[in-house]
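Below: one structure in structure tokens.
Here the chain labels run A, B, C, D, E and F in written order, and each chain numbers its own residues starting at 1.
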């Protein structure tokens, strides 16, 4: 996996959400390392509602993990 | 991500649910930033039962996260 | 969201399950507010096994949330 | 929902799993109350691998909920 | 459900993973008790990437449940 | 399952993510033990956006499990 910060801690909920999106994308990179292939595939999912929803289904559990790691950014 | 309140805390369960819906939609915006494309896609999922159910599958884990963040809005 | 009780607490497991079903349906209402469209779509999912199973996939995490909120209705 | 025991507690893991299967099926009954329709649909999912797997995807989170409710039936 | 050990405790993570796979398969057996039918269906999912991935989507939450039951086999 | 370290503990979040990917892949190996078949199937999912997203949907809950096992690699 591309090297990132050592922990799941983030300063804000926005950063936490962005980390969840990044975590979701890493599996695609590890499964399909060829950037050219990934770029070629983008139009077929970025304009497909089912695929856009399915991507969101990946981010949701990752956001749950990052939220728990940050104790939900409670005050 | 669009700037929101810094925490997942909400005053009521309804606000918490609405936040979960917003969290679910953010990934679509980040994956497909073009508002015109997103608007063009709406009819194809807003009248498709499978897509409407799939959207609900995204909100459920986000609502779980927001609920835990708010200790389930216990009295 | 339609106004409901302020917390996820329910007196019984049955009420908790019914609340989970209601929570699952709210996203569909928020995504497709037109009652006429939703009614028109019902036959296409209410007699479709894949769609009936997919609806159940939404209720399960919501029931998990409501169960945790009620400490699993332990004696 | 059909009336069941008031709590998610079960004496054994097997009973807990059976309860999870029952919880998964309740949504189908609530969404499609017509027994005749449900019976008519059975052949189309009971001999369809994708549908059988999808049913299992519903039971898994319910079993997680029942397991937590029973503290994983620890000795 | 076929009779198994009374708890979700396992000596090792490998046993825990195998138990999660078994838990995932039980629903298929309960939904389609006919071994002949299940055997007949195997080629259609065992050589179908989507089905193989979907099976993995069932095992993941079961492994989470078994892991929690075993306190993640911490030293 | 191929023999691995006895626990889910990892030194870093990256190792934890790689373990989650490995956990996701084990079910495919157990369901389809024939390496030749798995290799033959790779092109059909590695260049299919829906399949790549579905793989990510398996890794997410496994990463949640590994993260909890490692107390989110908190400082």
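Definition applied: a residue touches a chain if its C-beta (ideal position, glycine included) is under 8 Å from a C-beta of that chain, and two chains touch if they have at least 3 such contacts.
Not measured: the values here are computed from a predicted model.
Could you work out how many touching-chain steps separate chain A from chain F at minimum?
Graph distance in the chain contact network comes out at 1.
Could you grab the centroid distance between chain B and chain C? Build each centroid from C-alpha atoms only and quote it in angstrom.
It comes to 15 Å between the two C-alpha centres.
How big is the gap, in whole Å, between where the Cα atoms of chain A centre and where those of chain D centre?
The mean C-alpha positions of chain A and chain D differ by 31 Å.
Taking each residue of chain D in turn, which ones touch at least two of the other chains?
Expected reply: 24, 45, 50, 54-55, 57, 60-61, 64, 68.
So if I start at chain A and go to chain B next, what's the full loop of chains?
Start: chain A; next: chain B; complete ring order: A, B, C, D, E, F.
Can you list the residues on chain D that touch chain E in the complex?
12-14, 17-18, 21, 24, 45-47, 49-50, 52-57, 59-61, 63-64, 67-68, 72-75
In their complex, what parts of chain F are in touch with chain E?
1, 3-9, 23-28, 30-32, 37, 41, 44-45, 48, 50-51, 54-55, 57-58, 60-62, 64-65, 68-69
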